[in-house]
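In the part that follows, the structures are each spelled out as structure tokens.
Both complexes below contain subunit A, partnered by subunit B and then by subunit C.
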Partner chain A sequence: MTSSALLDSRRVGRWALNGAAGLALAVILTPLVFVTWLAFFRQEIPSFPPEGYSLRWFAAIADEKKFVDGFSLSLQLGVMATLIGLALGVPAALCVVRFRFPGREALGSLLLLPLMVPGVVLGTSMYVFHVEAENALDVDVLGTFWALLAGHVIIVIPWVVRLVMASLAGFDRTIEEAAHNLGANPVTTFFRVTLPMIRPGIVAAGLFGFVTSFGNLEMSLFLVGPGRTTLPIAILQYLEWRIDPTIAAVSVLQILLIGGAMLVTDRFVKISRVV
Partner chain B sequence: MAIASTTTAPADTAAAARLIAAEERGGARLTAAMLVTPATILVAVGLLIPLVILFRYSLNEFVTQRKLMVEAVTIANYAKFFTDPYYINVLVRTLRVAVTVTAICLVLGFPLAYVLARTQSRFKNLLLMLVVLPLFVGSAVRAAGWMTLFGSKGAINATLMGLGLISTPLEIMYTETAVIIGITAVNLPFMVLSLQSVIENIGRDVEEAAFSLGAHPLAMFRRVLWPLALPGVLAGTILTFILGMNAYATPVLLGGPKFQMMGPLVYGQFAGVNNWPFGAAISFILMTATLLLTIAANLIVQRRYRR
Partner chain C sequence: MARLRLDHVSKRYGDFHAVRDVTLDVADGEFVVLLGPSGCGKTTTLRMIAGFITPTAGGVHLADREVTGLPPWKRNAGMVFQSYALFPHLSVAQNVAFGLEMRRLAKADITTRVAEALKLVRLDHLAGRLPRQLSGGQQQRVALARALAIRPDVLLLDEPLSNLDAKLRQEVRVEIRELQRQLGLTTVMVTHDQEEALTMADRLVVMNEGSVRQIGGQRDLYERPADRFVAGFVGRGMFLTGRVEAPGRFRTEGGLALACDGGASGPAVLALRPERLEIGPAPLSGLDNSLPGTVEFISYLGAASDVHVRLSPSDRVIVQVANRGGDAAPEIGATVHVGWPATAGRLFAPGGDPPSL
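Then we have the complex of A and B:
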């Protein structure tokens, strides 16, 4: 092959490569683009092309009690599960990285396990566990807020452990020793040296934990009780029945909320470094 | 568990600070135990014990007439699944969809992952966010997007009919094609991120070396890039496959009530007919099928790697 032919084939290759990459990005983004478009339709039936545009569907959300309640429950669950998950996961990650003890690797795997078990299996196993606990303890467990929260904490923990462990892996311990040699006590060292250095990992863990909890559908389906629905479940149940601009407007709000959370996180730690 | 869940973040960081002190005092092991125990207990009690109970339930009997679970040790639920063509069909369909989706994700995801890994553009972070954002938006919302496209008055049919290419709307909703497209879009970001992180660590110079030795781009890909990216390919493939096997919202919304996959089937047994033992058995069959194929993929790739 002559060298100019080779250069030509590299140029063609580059075109093909960029085209294929663009196609993949289009497949990922197309559903979000169309659901956003639908939210601004004037007519209620999702037929194309739209007859006109309107903002009234966003106002209509406030009248849909299921979405307002679902949003509030998902927000409470997300915030509480993230805080508890951080409180439990950060020290556990510190311990697994810093100490050498028998069963350390098994422990690390156990803490990451909830990430590997499929959502439907998580949901069914917790459901039967709650049934058994209810029989044994003679108190309401199944369908309560606290049981749902416990499930959400369990799916937040692996993200916290994973991201904090990753940020501790590149940690230079001589800096802590230097602080110690300069007379800082362990508490000062932790707050002034260790914590600031792993902060990006903790912020990322908080974000991933929150969005994991906020968006969870499969596990929560089994754990919600009567009259208690999370936002993703409310969206699913509505969509099983119909698709219209109201549900599209709800979706747009969710996209904006999560996009905003990501932009804020990106100011603390570059997204490209944590995913 | 109650004590653990009331622990607040500041108290906890203080505990971590005490860890460093204790480490020096020689009480390291005790401190380590104190730090890791709450999370471990929660995961063990909240996940391992439930899995054991779920397995136990799958061996119980279900009395259809009274809709009651009776304690027993029987493999009847598993036998029921594997002798009824309907359920075998659901399992085969689930496997077929998951494998197809995984293959499409690999073919579509590799170029995007490569471009993201190699780009010097200042929009790189923005592009990455566009890949990550849909990941967190949830599969129900994304299914809603496809529903606006696929419906009989949706964007695709309206465009094709407007152009005069077809006279009657195409049936896209409630088909396997719709479900495959939907799950592909849901899983693609996972594949792209798995591949991108691995490709980023492959030096640009090995590619240039292959080119300067006169390799055709396809030969470079096959002989250099692909073998080096194999760990990422494996990680992405496994993740995509697991997510495909366990898809819930996409088959429910885009496949409709007649299109059964394993995830919705499990839910139906629990919520619909209250047959917990059978639901538990299907849950375990789903988990085992997923695990076995994951392990098989691992072994095949490892063997090829060594050669």
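Then we have the complex of A and C:
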């Protein structure tokens, strides 16, 4: 092959690669673009081309109590589930990676399992469990905030375990030995050396855990009680009766919230390095 | 400064003896090198001094204190790890300050001592950098400064030069040695590189298969190796197997009759060094041994050449010939004479380790 032919084939290769990447990006972004566009339509029944543009649907969100309450509940759930998930998941990941004990690998897989079980199955089984627990314990379980929170913790944990395990996998343990050598006991070493070194993994775990909890619909459907709806459920219920662009406006706000969280996180740790 | 004492220290993992009965005294300000092939127990020994491994038997004494059962963070041993093990999330200055913070020194003292330590390794201008922004040689110096800053009772170096390129290694050797002398640091270094060991040590400890084979200065090990392993590991050794027929008379398996230095009758190995043999076109007068042979192979090494000479069907020796220019070098296939004084050979009991030539 001549050098110019080689150069040509390289150029073609690069175009093909860029083309494929562009296509994938388009597939991901197109719905987001349309939803965002739709949110600014003036008319109630979405049709193209729009009759005009307005911000009324964003204002309408505030009037719809279900959205406001749903957003507040989802935010509370997401934050609390993420914090509890981190408190449980980080030590669990450390155990699985650092210690040798029978059933270690099984435990590692078990912790990732909620990621693979369909949300509906997870929701059904938890619903049944809550009914049983309520009967056995004679306290309110089903439909309580705490039961819902427990469910969300379960779907946050796999993300925490997975990301923290990944950041521990390449961990050079002589660095901890160096800390011991310089006079740091194991507790100090953990807080001064180990934890800061896996911080990017933990931050990413928190972010992904939060997004998972915030956006969860299938499992939550089984666990919410009367008068207690998460934002995704509120959207679904609204959609059953009406299809005006309020839904699109809510989605835009969600996109902005999650996108903003990602940008802020990325300032502290490079997410792409961890995930 | 302190003094280190290993008292009949052993480490066993099940049936495997990683370290057997090592006894060693290191004097104040002495630089001792543990030398041996990989798996000889030298690193295990070093890690027992640091406290990462608890000995199965025996005691470790550091600065007139028994530390055998103490965890690493309660000893005052500064270690430089082979991989440097710098804290990646801390700056150079914070790395060096770490040990001082653990010792709860006042802030002002820490600042002064960090600056001092960085100045010693000539890195004061990089105090604010993160480890990953430094070259390998600079990282190595940070690791050294971090270990020095705590003013350790003993400085432990675990193959500290193995990750540097050859040229830098030569410089750093000298640098570490000068620093060690200047500060009067009691130092124990582990290496498998005999040249590194010979240039840096006050005293060497040659280890193999978990035990100490010989402790001594460079000249002791080279001139008076204790056994066949040391003769082969320190410097280059060639080994002719045979038997001592009478004191002063050695006969190789190939049937050569050689003059040797003393010896008791019985099977033995005669160790020779390539640089102690002479070679010439005619029989060499004035030497106890002079044997004809055929040149089989020559490797040209710049300053010298190795000439492989077959003396008998089962005896071949290597003669190191200095390249002085103009000399007519022997050629492959030529008949030459190889000679040496009886005192150039050393007798060892047969068996043991194969020569590592």
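Operating definition for what follows: the second predicted complex is superposed on the first by the 254 of 275 C-alpha atoms of A that agree within 3 Å, B and C clash if a C-alpha of one lies under 4 Å from a C-alpha of the other, contacts with A are read in each partner's own complex, and residues count from 1 in each chain.
Rule of thumb we're sticking to: contacts are C-beta pairs under 8 Å (C-beta built on N, C-alpha and C of every residue); 3 or more make two chains touch, one makes a residue touch a chain.
Source: prediction; values computed, not measured.
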Three-chain arrangement built on subunit A, subunit B and subunit C clash or fit: fit
First (subunit B), second (subunit C), both or neither touched by A:239: first
Touched partner set for A:183, first subunit B, second subunit C, both or neither: second
Touching partner for A:79 - first (subunit B), second (subunit C), both, neither: neither
Touched partner set for A:97, first subunit B, second subunit C, both or neither: neither
Subunit B versus subunit C as contact partner of A:61, first or second or both or neither: neither
Touch count on subunit A, higher of subunit B and subunit C: B
First (subunit B), second (subunit C), both or neither touched by A:175: second
Spatial angle subunit C-subunit A-subunit B, Cα centroids [nearest 10 degrees]: 100
Touched partner set for A:197, first subunit B, second subunit C, both or neither: second
Overlay on shared chain A, then closest C-alpha pair between subunit B and subunit C (Å): 7
Shared subunit A contacts, counted only where both subunit B and subunit C touch the same residue: 185
Subunit A contact footprint on subunit B (complex, rising order): 1, 4-5, 7-9, 11-21, 23-24, 28-29, 32, 35-36, 38-40, 42-44, 46-51, 53-54, 57, 108-109, 111-112, 114-116, 124-125, 127-134, 136-149, 151, 153-155, 158-159, 162, 181-182, 184-185, 188-189, 192-193, 197, 211, 214, 216-218, 242, 245-246, 248-249, 252-253, 262-263, 266-267, 270-271, 276, 279-280, 283, 286-287, 290
Contact footprint of subunit C on subunit A as seen in their complex: 172, 174-175, 177-185, 188, 192-193, 196-197, 199
Touching residues on subunit A, where the partner in the complex is subunit B: 1, 6, 9-10, 13, 17-18, 20-21, 23-25, 27-35, 37-38, 45-49, 83-84, 86-92, 94-96, 98-99, 101, 107, 110-111, 113-114, 116-129, 131-132, 149-151, 153-154, 157, 161, 176, 185-187, 189-191, 194-195, 211-212, 214-215, 217-218, 221-222, 232, 235-236, 239-240, 243, 247-248, 251, 254-255, 258-259, 262-263, 266, 270-272, 275
In the complex, subunit C residues that touch subunit A: 50-52, 71-73, 77-79, 81-83, 85-89, 98-99, 102-103, 146-147, 150
